[in-house]
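This structure is in structure tokens; I'll ask about it shortly.
We just call them A, B, C, D and E in the order they show up, numbering each chain from 1.
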Amino acid sequence: MQKIGVFVCWCGSNIAGTVDVGRVVEAVRQEPGVAFAADYQYMCSDSGQNLIKSAVKEHGLTGIVVCSCSPRMHEATFKKTAAAAGLNPYMVEIANIREHCSWIHKNMEEATEKAIVLARAAIAKVLKDAPLTSGTTEVTKRALVIGGGIAGIQTALDIAEAGFAVDIVEKQPTIGGRMAQLDKTFPTLDCSACILTPKMVDAGANENIELFTYSEVESVKGFVGNFTVTIRKKARSVRADLCTGCGECTEKCPSRKTKNEFNMGMDTRGAIYIPYAQAVPKIAVIDREHCLHFKTGKCGLCERTCSAKAIDFAQEDELVTRNYGAIVMATGFQMIDPSGFGEFGYGKSKDVLTSLEFERLMNAAGPTGGHLVCPSDGRHPKHIVFIQCVGSRDTSGCGKPYCSKICCMYTAKHAILVRDKYPDVSVTVFYIDVRTPGKNFDEFYRRAVEEYGVQYVKGMVGKVTREGGRLKVQGSDLLNDRQLHLEADMVVLAAAIEPDPTARSVASMLTASIDTNGFMTEAHPKLRPVESPTAGVFLSGVCQGPKDIPETVAQASACAAKVIGLLCKQKLVNNACVASSDPLLCNGCSSCEKVCPYGAITYEERELNDKGVRRTARVAVVNEAVCQGCGACTVACPSGAMDLKGFTNQQIMAEVDAICR
Amino acid sequence: MRELTNAICARAKELLQSGAAGRVLGWAPGEFFYDPTPGVFSEGRLNELVYDGFTAANLSKYCIAESQKEGKVLVLLKPCDSYSLAQLVKEHRVKRENIYALGIPCEGKLDMRKARAKGVEGALSFREEDGQVVFETLYGEVRLAREELLLERCLCCRGREYAGVDETLEYALPELPKRDRFQKVAALEEQTAQERYAFWRGELSKCIRCNACRNVCPACSCVQCVFDNPQSGVAAKANSTEFEESLFHIIRAWHVAGRCTDCGECSRVCPQSIPLHLLNRKFIKDVNELYGEYQAGADPAARPPLVNYTPEDPEPSAVLERGRA
Amino acid sequence: MPLNTSAPAQTGEYRPLIVAFCCNWCSYAGADLAGSSRLTYPADVKIIRVPCSCRVNPLFVLKAFERGADGVILCGCHPGDCHYTTGNYYTRRRMTLLFSMLDYLGIERERTRVEWVSAAEGAKFSATMNDFARTIRALGENRKLRDLRCGN
Amino acid sequence: MPETTRETVLRISGTNTRKCMLCGKCSGSCPAYDAMDYRPHQFVAMVERGEIAPLLQSKSLYACMSCFACVERCPRGVQPASLIEALRAMVLREREHTRLPAQLIPELIDAGTPQQAVVSAFRKLSK
Amino acid sequence: MNYYYYPGCTLKTKAKALDASARAAAECLGVTLTEVPEWQCCGAVYPMAQDEVAARLSAVRALLAAREAGVPLVTLCSACHHVIKRVNADMAKNPDLRQKAANYLGLSTPYAGETKVLHYLEVLKNDVGFETIKQQVKHPLTGQKIGAYYGCLLLRPADVMQFDDPESPTMLEDLLRALGAAPVDYDQKNECCAGYLSLTDPAAASRRTRAILTSAREAGAEALVTACPLCQYNLSRHSGGSLPVYYVTELLEAALKGGNGHA
């Protein structure tokens, strides 16, 4: 005979403001099996938990129902409470009367009625609960970081420092990511490459880190602690073990028309190339799409040039399969193509640039050697207009509804850099809001205005036109109640940033969820910001949401800490809610085996004692360490032999019954 | 017909003598001429074996129990029955190594209900002559065209291919009609929801829950049926309401969906003449239309449609919009 | 802010009973987000948490109807985003066929629905439930499945 | 007097002024900006605040070219042109506010003036 | 290729050249344009006020006629196209307006936007194909530097008009290229000529057209083309003859058939 205790939480006024908790308590007392019912202001507080513990002891409760917030919030808390009181933690059920009731209903009568029904369903379920114990599995002591930008590098370095092996998969031929393309960094104006390249070198040299550059994740199987990942190492056509990175071949390559990705296509590179001087690993790669040898079979100049004999035209993609305990998403971002905003003239005039292009234009290793000139004709500009929020905070269709977060600060940086280096160039910034929440950020923006005389105009540009070889910018100056018509030599668009498109396919392989904007969803937006809801998958950098460098690095290290915490564990406690098959009911038909995504079900011949009758039968057996408890098998099973612990057929039917009563 | 029966017996005898099997699963005379029943024959009793217009029973399901016994059993399978056995083998329900499957030809089986509806009363025996069935009755001879008496399923015969038999017995027989088996399903789909509801309510209300459909169905071969399991939550015994009563046929059709070979035994044995095969055929038609042609039992390697998917499968909502202008 | 969807139950007003099966990872979390965003939907909707939409046996759906539910809705992760990789693909086939069968039997097809709601789609969850509840209210009480077979 | 509530303007215009994030792109795009006393962004803000009366007097109602640049470029889907049109309609629906008496037409047109110009002027300026 | 054709009032009077050239070119290209029977003036201005029903009715009548004939409705004048296309969208998307229009017109089946509204240029581009036109050109406009002027009404609001990229349209240029001309790109091609104000505020119209003409001239244009009679009037009036402004169909006809003086 079960003795159930029901504990109704007020959650301050969050629940009690809309649900008459007293009436809920009264109602559930009448339910069969309920031996105790009480309400309390904060059931999750120490004293609330103590109330539960003492009630368990005093009334000899065998099961607990807590009517409170979502089980996603405090189910674990109350399971611990139950365990502390000597109950099996799986004898706890939560009735979600906050998120699913008090917060969405305004009428007390109605909300109270619903709360009672939800409580009844939980009671009906707990009456059919059985004590469960969890199994354990080993943890593979190796992590995979997907993406080799500053986020991935930092996460990998921290994990490696803690003594664990970690692999970085980067689709480009070098690690470094976006940060390598930046000139200076705000708000300190230190050189981006100067602070990034030592980390790239560290990552390349660290014996715990293995780099898979020019590589992509091909497939992912398994689950937390035991992922199996196949990585495709694309053929570089250059042998990594032989190439010395001397660069001879890149200079000799006769195919010179390929747009240089590193410089945002503002100059060209050879078909065999090293992305940039500080590349790690510094190994050449042949871009087969543009290589004359691969296109016509005629060239082979690089092969003849290479004294290390590293060129290998016959190289093929290589698949590497490894096991990992944890996987980190660090797939980063790209800038949107602002061509969708034709009014700004991007694509029509070469002097209209994105901020990232401008970044390269200012950089000493950039297409102009760091000389600020108009891309259209190489003239020295007199006036540069920056336009903020191009495609950010835009719900009209071609933009992004969110704030890209970094543009205000980098635009201030650009403005300062221009004014610092070329005091003769005037700078105007059109802004909607200047957002500078960050250490020394607002001070930096004020320096742009006060020390460098950057003109900040509150308003948006309506149209950029070409006139007399220059650009004409028509925009509003809201604070001065006028429409401006400014002549400019360059216009720089602070285009929105968006998650790198590869994130979507990788996330899909990891079964990690993605939000409507393509950013990775975190397990909890405030309390678990570096974990994906998928156990064993962690988030580092902009793949989770727009971030600047210090934030990215902070999150990368936080992410590493979480990974280290996982890899430190000797064993992982498994989900106790696993499938199990009643051999006496099993037909042996293999339907369940076919739908199991984890291969957790196998079949074996067993001798059975069927109510005194001995028979041998082919029956399903569930590997509890592998089963993740989805329940697909339970529905595939026609005889009902397969059931899911914690969510049994009887339990769910009982809930249905209680709700429909 | 006698000639074909003799041929079957002769081949069966050879097989028994060669040691390919130790006994024969076939049809034995029933209480009346029109209800031969499944039976197991030793070599000596082979002369009792019946094979005529009324040996409609699908013997596949009996292989589950027979294959568990000592020695090999020779089972006689009409083309459509062979798919049932193949499906059972695919589901590991039958020990295939204990079975010798002999595919035997079929000229379509007869429905005594149709004969009665055409005025055959007090029938004592029957014989077949040139596409006609001649009933000897208390009131004299009645002659009816064979085609008029064919079982519903035989009017939509799916042909003379066998699935997974060890050998087939060649014997020339006239072709059977090949009507569209989904015609009635499509006609129902065309109707309004009200009309369909009225149709099914009328049919399902006739059910007396005798379980004949379940007992005869080769796909309904669970070790224990959910309706007999008080733990399942659907068995009538466990409930005070009439869940099992009202939803039995939906659940039964659901449980055999993707596994049902459309052998039509359910409708044949229903004492209330409920067209139960129309439920199964609805699932088969949907599967064929939505996920590609699938015939249960035909391909031992093919994944059954309900334990399979493609990322491009249509959405439930889109499917319900079908035909809704 | 219109709150008509959560209008108090007036005497005589028909209130349907709606059972919503929500997968733990996406849709239940989406419902939580609807809650924390205070996006209302009618109290007629009662949610049952399942680990994955593929845990929902058609028997549960039929059982709910038989016990007096007027509408049953299943919510899961978007196809391709299943926490268990493939669960919702099976759900999709199963429910497609089941709903098609119910339709074939003449049960109003609007009484059953499958929606994919991610953990980020609180607004979609609320909108879906409002729409479904409105549909079910318009349909009225579900008698058909219970009466499919007359008592004899 | 015409109804002069914010709600009326919102209903007739079918636009939602609360979506505005005060970026000023409408006024940055407007080709009639310099001829206006109240500018497109001010229409949005003032309607939102319920300051309808001054807008009914505004000469901007007759300066707007209905070119829809503000509608097209608004990042938030606000339609300043629809607000201006709604207000113009509210004024014109009062007969005494007809801005284009028919007798004036002959002196405004020349031999080449297309019908379209006359028809549209009537549509925009009279009731 | 059969269509209902809605000429509109201006094409029957001051812009007969637009109408005549369009019909002639259509005939050459195997496009059959049947004039909508008893069409009424569309009103020349799309009523943005959501409570204006009467002003939408003549457009609905034309749309209804096309629905009954089961053919797309083709327009040519930018104003007509704008009005009819947007009213069509209203009927499809706004149940209130749809019902009110049905009540006014006494329709048993309300008009719900079933008719496909096409601009003449869309027919040329999508149904005839610029490539086909190119092959049929007998008198190519080789070397002619022509600026395309789109104006406002064809392009905006783009979500309803769906004519071309509202900021960087290319449809006219693509056609001009098919005709053998050398289109000139300039940034004012989609800016307003203030046509609606040409009666009441000629100064505004003058300012706007000057900006457009200057921009086109600076880019090297020696002529402009447009599809709108009001734009054509406005631009020619202020160009002082320095920059001829043609209807696009005039050039089309000339290229297909030869003849006309300017081509």
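Convention: contacts are C-beta pairs under 8 Å (C-beta built on N, C-alpha and C of every residue); 3 or more make two chains touch, one makes a residue touch a chain.
All values reported here derive from a predicted model rather than from experimental measurement.
Enquirer: How many hops, at fewest, get you from chain D to chain E via touching chains?
Expert: The fewest touching-chain steps linking chain D to chain E number 1.
Enquirer: Treating chain A as absent and keeping all other coordinates fixed, how do the remaining chains group by touch?
Expert: Chain A out, touching clusters read B, C | D, E.
Enquirer: Taking CA centroids for every chain, report which one is farthest away from chain B.
Expert: Farthest from chain B by mean C-alpha position: D.
Enquirer: Which chains share more C-beta contacts than any other pair?
Expert: Counting C-beta pairs in contact per chain pair, the top pair is A-C.
Enquirer: How many angstrom between the C-alpha centroids of chain E and chain C?
Expert: So the centre of chain C lies 49 Å away from the centre of chain E.
Enquirer: So the centre of each chain is just the mean of its C-alpha atoms; given that, what is the distance between chain A and chain C in Å?
Expert: Centres of chain A and chain C (C-alpha means) sit 30 Å apart.
Enquirer: Suppose each chain is reduced to the average of its Cα coordinates; what separation in Å results between chain A and chain B?
Expert: The computed centroid separation for chain A versus chain B comes out at 54 Å.
Enquirer: Could you check chain A for residues that touch two or more other chains and list them?
Expert: 343, 463, 595, 636, 649, 653
Enquirer: On chain C, where are the residues touching two or more other chains?
Expert: As it turns out, chain C has residues touching two or more other chains at 58-59, 63, 67, 80, 86, 90, 94.
Enquirer: At least two other chains touched by the same residue of chain B: list those residues.
Expert: Touching at least two other chains: 226, 233-234, 306-308.
Enquirer: Can you list every touching chain pair?
Expert: Applying the touch rule to all chain pairs gives A-B, A-C, A-D, A-E, B-C, D-E.
Enquirer: Which chain A residues qualify as touching chain B in the complex?
Expert: 584-591, 594-595, 603, 615, 617-618, 636, 638-641, 649-650, 653-654
Enquirer: Which bits of chain C are touching chain A when the two form their complex?
Expert: On the chain C side, the touching residues are 3, 6-9, 17, 19, 24-26, 28-29, 31-32, 34-36, 38-41, 43, 46-52, 54-60, 63-64, 67-69, 77, 80-87, 90, 94, 118-121, 126.
Enquirer: Can you list the residues on chain E that touch chain D in the complex?
Expert: Residues 8-10, 13-15, 41, 43-45, 47-52, 55, 77, 79, 152, 155-158, 166-167, 191-192, 194-201, 204, 208, 229-230, 232-233, 236-237 of chain E touch chain D in their complex.
Enquirer: Name, in rising order, each residue of chain A that touches chain C in their complex.
Expert: It is residues 70-73, 96, 98-101, 103-107, 109-111, 113-114, 117-118, 121, 508, 511, 513-516, 521, 533-534, 577, 595, 597, 628-632, 634-636, 644, 647, 649, 652-653, 655-657, 659-661 of chain A that touch chain C.
Enquirer: Using the touch rule from the top, collect the residues of chain E that touch chain A in their complex.
Expert: Listed in rising order, the residues of chain E that touch chain A are 159, 165-168, 185, 187-188, 191, 215, 218.
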